[in-house]
Amino acid sequence: MVDLTVEIAPGLILKNPVLTASGTFGYGREYAPYFDIAKLGGIITKGLSLEPKTGNPGIRITETACGMLNAIGLENIGIEQFLSMELPLLRKLGAVVIVNIFGQEQADYAALAARLDGVEGISALEINISCPNVKAGGIQFGTDPAAAAKLVAAVRQATSLPLITKLSPNVSDIVAIAQAVVEAGSDALSLINTLMGMAIDLDRKKPILGNTTGGLSGPAIKPVALRMVYQVASAVSVPVIGIGGIVNQRDALEFLLAGATAVEIGTASFINPQSAALIVAGIENYLDRQGCKRVVDFIGSLEKNPA
Amino acid sequence: MVDLTVEIAPGLILKNPVLTASGTFGYGREYAPYFDIAKLGGIITKGLSLEPKTGNPGIRITETACGMLNAIGLENIGIEQFLSMELPLLRKLGAVVIVNIFGQEQADYAALAARLDGVEGISALEINISCPNVKAGGIQFGTDPAAAAKLVAAVRQATSLPLITKLSPNVSDIVAIAQAVVEAGSDALSLINTLMGMAIDLDRKKPILGNTTGGLSGPAIKPVALRMVYQVASAVSVPVIGIGGIVNQRDALEFLLAGATAVEIGTASFINPQSAALIVAGIENYLDRQGCKRVVDFIGSLEKNPA
Amino acid sequence: MAGIRCWTLFLFNAEIIDKQKLSQGIFRLRLKSGKDFCRAAKPGRFVMLGIDNSLFDPLLRRPFGLCRWHEEWFEVVIKNVGRGSAQLCQLEKGGSVAVHGPLGNGYPQQKTEEGEVSPLFLVAGGMGIASIASYIFSALDSNQSLTETFLFYGAASYAELILLNELTAAVALGLRIKTITDDGSCGRHGLVTQILAAELLNNSQARIFACGPEAMLKSVQKILQTGGNEGYLSLENRMACGFGVCLGCVQTVFAETGAGGVETAKVCTQGPVFPARKVIF
Amino acid sequence: MAGIRCWTLFLFNAEIIDKQKLSQGIFRLRLKSGKDFCRAAKPGRFVMLGIDNSLFDPLLRRPFGLCRWHEEWFEVVIKNVGRGSAQLCQLEKGGSVAVHGPLGNGYPQQKTEEGEVSPLFLVAGGMGIASIASYIFSALDSNQSLTETFLFYGAASYAELILLNELTAAVALGLRIKTITDDGSCGRHGLVTQILAAELLNNSQARIFACGPEAMLKSVQKILQTGGNEGYLSLENRMACGFGVCLGCVQTVFAETGAGGVETAKVCTQGPVFPARKVIF
């Protein structure tokens, strides 16, 4: 028996290092027919805002080479409906719940954090900073270390819940952003969110997505994600959660080797709803065969190349 | 008959919009057995430096989902050997030659540009700014608008050849870099260079590449490339050359729709050495069937989504 | 967990026990499944199908209507229109397909309890027949009457009027069939919506089930608005997951709460069949 | 340009005219080709093979040694070790493979002109036999003598000593064969380099051609250094292009110019066969 427990924030110990990525696991309920979602390290909800949001018009998804673009537009039911209609079921199912939050300006994030502070059945917040900051003219919070740090500090003020900041990969220097938000009080980091991409319908001479651009996810982005996780995990001392193109246990284990304390499964759950559960079993099996007793001994154990 | 000619810099008219991407076409000679390289819009050489460079040790390439990582380390024969041993053959074969240059510091780039100024048989320079600036502590020229602009200005001073600046995609705001280098005198832009990525050998617990990280290319990156080309072409008034994951004429035409005046074929040439030639034929055929008489009418003709 | 079964949802690899070419680029696959799967099948429901290998191109599964089923198999009809469908069409008998389903709501029951059954107009355009046929085959296989049931079936040409022979067997149960082709190679010359419009003039009671290209469904919707008939449209929005988690497939609809409010509905779980009056194209 | 032929390079889709399982996960494919292709084939040369579809996973072609050829076909032996080889091994007779080649230099000619032929030791470890066998089959198919030619062939077990039966036919031409297996299931128990080391003691004149895992080649190199024998190693570095343009496959070697200088050589065009003394592992 391998000890799969990991601590992803001070005091927040998960039974295993497998979480689900925001926006790919609904509010959890949809997966209950496929496996016992309490068996996961935890589930991360669809991104929630203060008010419900209808998302983008037109075509929202399109497949690309080994990946997909989405332009859902952060459609969600809003925090209140989540708390009243979804959270009770998740608690009954026994899932460890991490709520992913986003807003249009800093005050939205702080208000969400304050609202969720002390709510039973919520284990942590994941802050999605890959959102345009309406107040600052639409520049993403996530691409500027100072703006990101300010945002995280405001959220930190508003709640005593463990904070995971989810980083955007569309930046020149992800380590600088990572360090800034850790400095500002983030207990952990998760990365990567989607890469910004675009697809064109040649014959119609139009962008395929209603929103023109969208977020690229899936196996195509795994090399970029792995590189960023490796760089960030080498540079900060808080836990890092790896995300990006993970479809099986081997992918997940590679992220752990690179220094991730846990992983999130995204697009893979669309292809096979059981992916996350299969990955938990696969990690256990692999480590067992390797004679590794505790997953924490495996984490970050990548050998470095000679300099 | 479709008129395929395009002007990619003032006075530099190509017979068609298909070029080959640096580092994927050798010095051109290797492709001569497969097709008449004079039939292409032009060929772009492997990146050349002042002195020969041996490149990185260890494993240099690995396949990823719909892509590949390379860490060649800019191995090349150096500018002098290129001029004496390779250029004469290229001229004999009738190819339009664009030389890709890089250096460790600004002075290297300027020296290369000066050396190539006025050399017969060279049509333009492509400046690879995705290189660590040794003098500035290893920060890439390509991730800082000011550094990139200074570099381009120095090259501009040193030569009267048309200048194409090749942009790195590993940045927060590619439009800012694009505008800065155009301001500094770049006649055209080409994008994207590879995305920085990493791959891990799980069973050996080691990075696969000798250099740990490498550049991601191939179909996997096409959505990111297309998005950046669209953004940059919408923001600048100089010609933009699209690069990234183009494997067939449909991919190439999508880049033209997005606003690219020409395209470069990279990884696809490894899979099928005839790719670039097939894409020229494919573009012609497609436009012909569409009743489009001049490729320039097609370029940038993407319909915008309603705002 | 290799193959699961929970409530009425199944996730398994199915063997292709038969493959048949119905027309140029259109194939019917018969896939092996359990009885429970067939019990959960329903006219208008669908499955997400994928290639059973460990490669990632194509990446996502693709949605296809359940066309017919019987105890230990079910059939889908697939038209090769792109990378995903091409891969599926290339598989041979003995090969394996990754199946997830049955998914979606399916067509509403015909209210037979009130004695009087209102006439039912089934409207199929092109590949929409795969879904519409499921209604007819289901009646045929359970020996249900199809009196007062009309099939209006349009396709580009005679060659693409697939399944017509087999559907004709339902004429014995009362089904009446009218075909129309774009090129006039079978039945009338024109679009299936022309038949519908004409027939509705004499049938203010008829209910309509329609499946086909979006342009056709739009036109059906307009015709229904004029006639005031009740109708259902089966939509084919692009899907990533098929079970309600990606929000990729949503359709703008009039909100249940009335008052002209607008909301989004997931085609995969709240559809693919929607009351025609709800859909906002 | 669908299939091209220039000088001695070919780019075409080849039909699989035969497929044979040689051992668990090891298959031999016989592919249709033109006579000109076979004329350009040579022991030790290789082809880049890809799947003939428009999907991008796997993306790149994979290198495989030319094992045998004859007028209108050639054979490769493929071990399923990963995604690319798995795809190729799954193809069936009648299927199609994208071929690029023949590529690389191949083994040097034996100098037969000077009358005296020095003994030749062929050393194969595991799948290295595919390349080494090409030398023997080539002699067999052109009825060349193989006197003073020795094959030292090692594999994990008897089951993996593939091609052994067919190679035994060359005994009639003078070939002598010694096998060794890791588990002792056929021939001696141990590594093929042990045979080589023992035999070289009595053969300071012997030339060596070796192909196998890197660890084996390193060991062969060391043995040759001690004995002072001339030898050639066939390398299997990872390749992206196979024709000299990506610089992905390079091997560090001693520079031709001597004086201990070091340079890189492309395994695909300057190799895959290198003089053992040049290679710096």
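Note that the chains take the letters A, B, C and D in the order they are written out, and that residue 1 is the start of every chain.
The rule we apply is simple: a residue touches a chain if its C-beta (ideal position, glycine included) is under 8 Å from a C-beta of that chain, and two chains touch if they have at least 3 such contacts.
Computed from a predicted model, the values in this text were never measured in an experiment.
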Any chain in contact with subunit A as well as subunit B: C, D
Between subunit D and subunit A, distance of the C-alpha-averaged centres to the nearest whole Å: 47
Chain centre separation (subunit B, subunit D; CA means) in Å: 36
Interface hub residues of subunit C, defined as touching at least two other chains: 54, 56-58, 83
Contacts with two or more other chains, residues of subunit A listed in rising order: 65-67, 218-220
Chain contact graph, described as a line, ring, star, complete graph or other shape: complete
Contacting residues of subunit D [partner subunit C, same complex]: 54-58, 83, 87
Residues of subunit B that touch subunit D when the two form their complex: 23-26, 30-31, 33-35, 46, 54-55, 57, 59-63, 65-68, 70, 72, 75, 218-220, 247-248, 267, 269-274, 277-278, 281
Touching residues on subunit B, where the partner in the complex is subunit C: 65-66
Complex contact set, residues of subunit C against subunit B: 56-57
Touching residues on subunit B, where the partner in the complex is subunit A: 58, 64-67, 69, 143-144, 170-173, 195-200, 202, 204-207, 210-213, 216, 218-224, 226-227, 230, 245, 250, 253-254, 257-258, 301-305
